Amino acid sequence: MLEIDRLEVRYGGITALRGISIEVKEGETVLLVGANGAGKSSLINAVMGLVPAESGTIRFANADLSSLSCDRRARAGIGYAPEGRRVFPSLSVTDNVLAGAFGLGRARQSEALSWLHESFPLLAERGNQLAGQLSGGEQQIVALARAMASFPKLLLLDEPFLGLAPVWIARISEAIRAMQRLGTTILMTEQMARPALKLATRGYVIRGGEVRRSGPVAEIRDLALADEYL
Amino acid sequence: MHGIISAGIIGIGLGAQYALLALGFTLIFGVLGVVNFAHGGFYVLGGYVGYWAVSSAGLPYPVAVLAAVVATAALGYLFELVFVERFVDEQLATMMLTVGLYLVMSTGVLAGFGPEPADFAFPVTGSWHGGGFFIPWANLIVLGVCVLAIAAVYLVLYRTDLGRALRALADDRPVARAQGIRPHLLFPLAFALATGLAGLTGAVVTPILTLSPHVGDSVLATSFMVVILGGLGSVTGSTVAAFVVGLIEAYSDVYLGGSKGALALFLLVLLILIAKPSGLFGREARRA
Amino acid sequence: MSTGGTGAARLQLEGVSKRFGGLQVFKDITFEIPPGDLLGVIGPNGAGKTTLINVISGNLPPTQGRILLGKQNVTGKPVYAMSRMGVVRSFQQTNVFRNASVRENLARALRFSGAEGGSWRGIAELLEALGLAARLEEPAEKLPYGLQKMLGLMMAYATSPKVLLLDEPAAGLERRERARVDALIDHARNALGCAVLLVEHDMELIRRICPRIMVLEAGSVIAAGAPDEVLSRPDVIEAYLGPGDSEGP
Amino acid sequence: MTGRRRGRLVGAAEITALLLCVVAFATPWLTHNLFVLSVINQILIATMAAYSVHVMLRMNLLSFAVPAFMAMGGFAGALVAKHGGTNVLLVGGVSFLVPALIALPLGILILRLRGVYFVLVTYIFSEILQLLLFETPHLTGGSNGISGIPAATFLAQSFSSSAAVLQIAAGLALVATVVTAALCQWCEQPFAAIDENETLAASLGLVIWRFKALGFVVAAGLAGLAGLSLVLMLLTAHPSSFSPLSSVNYITYAIVGGRASILGPAVGSALLVFAGNIFSSQGEYSPGFFGVLILLVVFIARGGITGAVHTLWSRRRKQPASLAASTKLQDLA
Amino acid sequence: NSGCELKLGMIGPLSGAATSWGVALRSGAEFGAAEVNKTGGLPVGAEKCKVSVVSYDSKYTADGAAAGANYFASQNVKFIIGPVGSPEATGIKPVAQRNGQITFSTAYAKNAIEPQFPLAFHELSGPATWAPPLAKAAKEKFGFQSIVCVAPNDQGGTDIASVDAEAYRAVGIKASEEYYQRGTTNFAPIIQRILNQNPDAVDTASSPPGDAATMAKQLREAGFNGVIGRLGGPGTAEIIRAVGGVEKLGNFYWLEIVSTDDPGVKALWEEYKELMGQPAPDNTLMIPAVASSRLLLKAISKAGTIDDAAKVAEALRSLPVEDKNLGKGEWTGQKIYGINQELSFPVGMGLIINGKTVGVQKIDTVEAR
């Protein structure tokens, strides 16, 4: 579904990704772990098209993404929950979610909305509040719901558990599982490795912009929970 | 008593006119964050296109209004695409661009139509008289257009994907793009919508008042005042503020005279903003 | 290193409530933190923790109740006044001067607070420990998330506070860096004699460093006491920890 | 004041700005061309007014109140010259202080407003002041203004020729440059912090309103000096010289020049005032030419003229810049 | 000898709301210059000078006009037609005096010319000259007892409306003044305020043509049947159009700065078209500009210098006032301004009575001088 080949990303003088290669098969959930500054967000943003690739290729559903702009990629079926929430602060909660389902048509939109309301009752309760007024964790839910609202083929989640209470982590995990059951392919990063590992099928350990280890969750679990990968 | 009611009727008439004026301005300003100094220019251009269509092309007035909307919208679309788009996040730069555009536009109109007021008359004349009061028919028509346009803009902005997408783009462009929203398509469109509204206002209002190349100057100030007083980006807010300003203006002008009335109006607006620093309907979206 | 402790003060809340229009965020909160002490505050998302910090720091006025610093009533004072009296907060989302270098960020913290105790000397050691010393000249926006977070904490620290209000300082930090947060809090308590209020969702961190915690749920305190005791209460598990043991990173 | 970079020399921009005032002062010895003198005089006035905008822009506040403060300074100066004394120092002092003193209480009221709300309030303030001029004929001469103002004097010398008027303007501009540079230098960090993140600055203990008020007061004083020079140039204080919409001009000068450096106002004023004068002899198409010029400059020079030059410059000299940065490490601890 | 070139300057608003006045003035000056050039140039001493017109946009501001004077000084232009408005006149007087330049302003300001500025001339007579006879004539024609004079609240309004009102009072009419903020677009509230005073007549004084037209229209819409007057500016055509025709206008009188129905004046439009190859601008302000250009050129010729403004001014004062199209006039102003430098020709009063155009009558202003 997603093949990243020798991808390099630079910010001015800093090289964030040094020829990284990663593959995500259809229906898989792949977890990226690594220290702060390892380059996880850079990778996700490069797939989304928000930062340009210096070299290397990104293929999605057998098509080369490099010539596609960010919005084209989104419309090709990639959903995205950015690091640090970034909800649309002056839009209401409902409008935030519907913005995620932009251009799907009314029927699909209301379908998505009612599905998300079921998973996250908060969205229904606070539908008319401005998203910028929500608490940090509540915003995180909105950002996730927004990413899921278009029922994307590939879902990019950058630290979805950031700032969530344990009980909410469980709820979000449930929603992610529901996405998995729909056959969604997921690429995620997370510092809270333990709950994330429960969701993932495979994982990559990233360090200094390169892949250190990769394999099924069972194989990298210990590594991810230990300190060595730093 | 009679005087108070008459002044109220006048205030509502002014309010409708201001609301219509402010609408396009809110759209560009509240949604794209661009302070459009050329707003008055599009108003004047709308008036002149309408005038040209009626007097030179011989079109019926409603068609002329339509032509004005189309022409101003097209110009707005082009301008945003060519100039504003590159600077859309820099409020100061876009402001300067629109200042430049305004100067060019008003010179163009002056060169094309000359400095004298144009002979552009509203097709409907006369007033409705009743109970000792009167309302010019033209004002009633403007009120109708105003209500329709506000309803349309409100629906577009708050009930459609397009409106949502525009507001999302204004909040956070990269993330909005990552939802599949196309800024290069939508921003010019929004700009066109807004300038088209200014053109509509011009085509409808200038025949009631006057049409000359410089009637746009004061339009800008009024729209600006109404939009901010209402609270940034709030269509409801700017509509309410338009009628508030219209009524204050009517009463203060009638009871204090034109010059002192203007002073009273400005002082009141100043006081309102000091008491309510984010406008009548402003909502503080971001927090610590 | 400065001796700090001299200006230490106790933070006390008496029946503090906050409401936004129809929404009662929290009600009748009462607690105190003596100098050098640490109170952990946990609670589900939207419980009102950040709002509590906003109210104490002066970002928002309380609807009811009193806030005391030492013997002084500081209720409703503006943010800068609170900060100058030593009540300083960190932000849940990274909040630094993005266009300024790390050095300028810290220099601003030192200068704006006008604190006599604050000096480069006082923070140099900690800068090293937090991994910021090597990147002083970089613009803050180019730092990775973790370091931005550290910088934000460091700026609060650099004002030589008497009361430090930390809003999820460890969120988004990778495991090893969380230990640095521990170090910063220890430093604040021991070197400055700070009273610290810590909001955090990382139960490991809470267990590790908090002598006592308070659980906020739907705007009221449902439990308070030592972490082990509180975190094993069924109502806390129900409201906050959830059924599965998903806690910890 | 720990941690602030001490002992830093005044930058190249500040020196250049001062030099420009000196050159302006010397022009009467270089040329007798009245047009040149007149344009330079106008540029000096515009520069002072644009400084006023610049100071507020440093805090991310766009002020439309410049004409209002210019009017206060101009009328106060005119009244003093007519009824008090014509000494330049006296008249200049009054025209700086009167607007500055009025700005203080006003600032406390309106500086809570941010962004466009501030813009609107300052614009409205300009409108109010204009109307007040009309409504107070006994003090300000109403719509006719005050004419017959005696020429300014200094040490028994009277400045009435165009050359002398220009030199007074240059002297006032020099003072304005020094004041602006000193303020921007002294408040660089607070202003930058307010510009970028007010919430954070406040929570670090910065008394925001104090700096905003300081900036506003100084900006008002600077505008007052500009107003005075305008009045001295025309020997008339006339309401039409301070029309609310003229604030757009001063803002344009400041922004087109570039807001990053104190040279911005001077460069923007020089280019646009000069161009405006040239265009004015082109008849009714002059605003059009002016508009095209603004469009072009904004389109080509991102960040204003000085900003664009700076970008070009630092692109060429990347190496030395980063070297300079690393030498500053030593003032740590 | 083709070496001699004389540049006439024109300063006035060429942008902004008052553009049409500046354009009219410029056209007048250009016509005056063209006339002389057709005869082979202006004889100055032994030479024949080719006359050209250069213009400067003063933007209707004091500093714009001052800058223009300086610009012309640097171009060695000593003779200026204009400026137009009061702020411009205020701004240009001291500067032009300093630069040694003659100006011919049209401003209606109370101090448009002053004894301490001997180089400043006035192109046409001001309100203090024509308001008294016109007020008297209007009272005789329409017999109204009370009037409200409306104008903008700046100098361009107050300096005229207050004089008009005074003139009405002098003939026993109850007159009050109303000032509106310049830039007002909708006059409904002002009209309401005026109607609350229940006057017999309304004088739109020097309000800009567009404003006056809107006011006239809104007055009639509001059911006002009284007389509408306009002692101040041009713009009759706009008013008639806005109201929807002469019939709807009813009773209306206005000042024409020259007696436009005079055959001589009428001929000027034809001459202009013939000489310039295009129709003259639709603004009567051009006529005094033509007259003053002619007179100025004559004075330059008589003084025999194209550099010494003081000498030309001297010649100007001594010349008899006699214009090809306007007929006999005279230098006036001593009584009103304290200096006899106002170029006066008879003015006209236009009349529409009971919805019928009566035409423009010649009014002699001699009493006021």
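To keep things simple, chains are lettered A, B, C, D and E as they appear, and every chain counts its residues starting from 1.
We adopt the following convention: contacts are C-beta pairs under 8 Å (C-beta built on N, C-alpha and C of every residue); 3 or more make two chains touch, one makes a residue touch a chain.
Keep in mind it's a predicted model, so treat the numbers as computed, not measured.
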Starting at subunit C, fewest touch steps before arriving at subunit E: 2
Partner chains shared by subunit B and subunit C (touch criterion as defined above): A, D
Distance-maximising chain from subunit C - centres being C-alpha averages: E
Distance-maximising chain from subunit A - centres being C-alpha averages: E
Cα-centroid distance, subunit B relative to subunit E, in whole angstrom: 36
Between subunit B and subunit D, centroid-to-centroid distance (C-alpha), Å: 32
Averaged-CA centre spacing for the pair subunit D and subunit A, given as whole angstrom: 50
Subunit A and subunit B, separation of their C-alpha mean positions in angstrom: 42
Per-residue overlap in subunit B, given as positions that touch at least 2 other chains: 106-107, 110, 115, 217, 221, 259, 262, 287-288
Sites on subunit E at which at least two other chains make contact: 15, 19, 23, 153, 179, 181
Junction residues of subunit D, two or more chains touched: 131, 134, 199, 203, 284, 286-287
Residues of subunit D touching subunit B in the complex: 57, 62, 109-110, 112-117, 119-121, 123-125, 127-128, 131-132, 134-135, 199, 203, 244-245, 248, 252, 255-256, 259, 284-288, 290-295, 298-299, 302
Interfacial residue positions of subunit E with respect to subunit D in the complex: 14-15, 19, 22-23, 26, 54-64, 66-68, 70-71, 73-75, 86-87, 90-91, 94-95, 98-99, 109-111, 153-155, 157-159, 179, 181
Complex contacts: residues of subunit A adjacent to subunit B: 48-50, 69-71, 74-75, 80, 82, 86, 88-91, 95-96, 98-100, 102-103, 130-133, 146, 150
Subunit B to subunit E touching residues, read off their complex: 3, 6-7, 10-11, 13-14, 17, 106-107, 110, 114-117, 119, 121, 125-127, 129, 134, 136, 209-215, 217-219, 221, 249-251, 253-255, 257-259, 261-262
Of subunit A, residues touching subunit C in the complex: 11-12, 14, 34-37, 41, 83-85, 122, 133-138, 140-141, 159, 162-171, 173, 191-195, 198, 227, 230
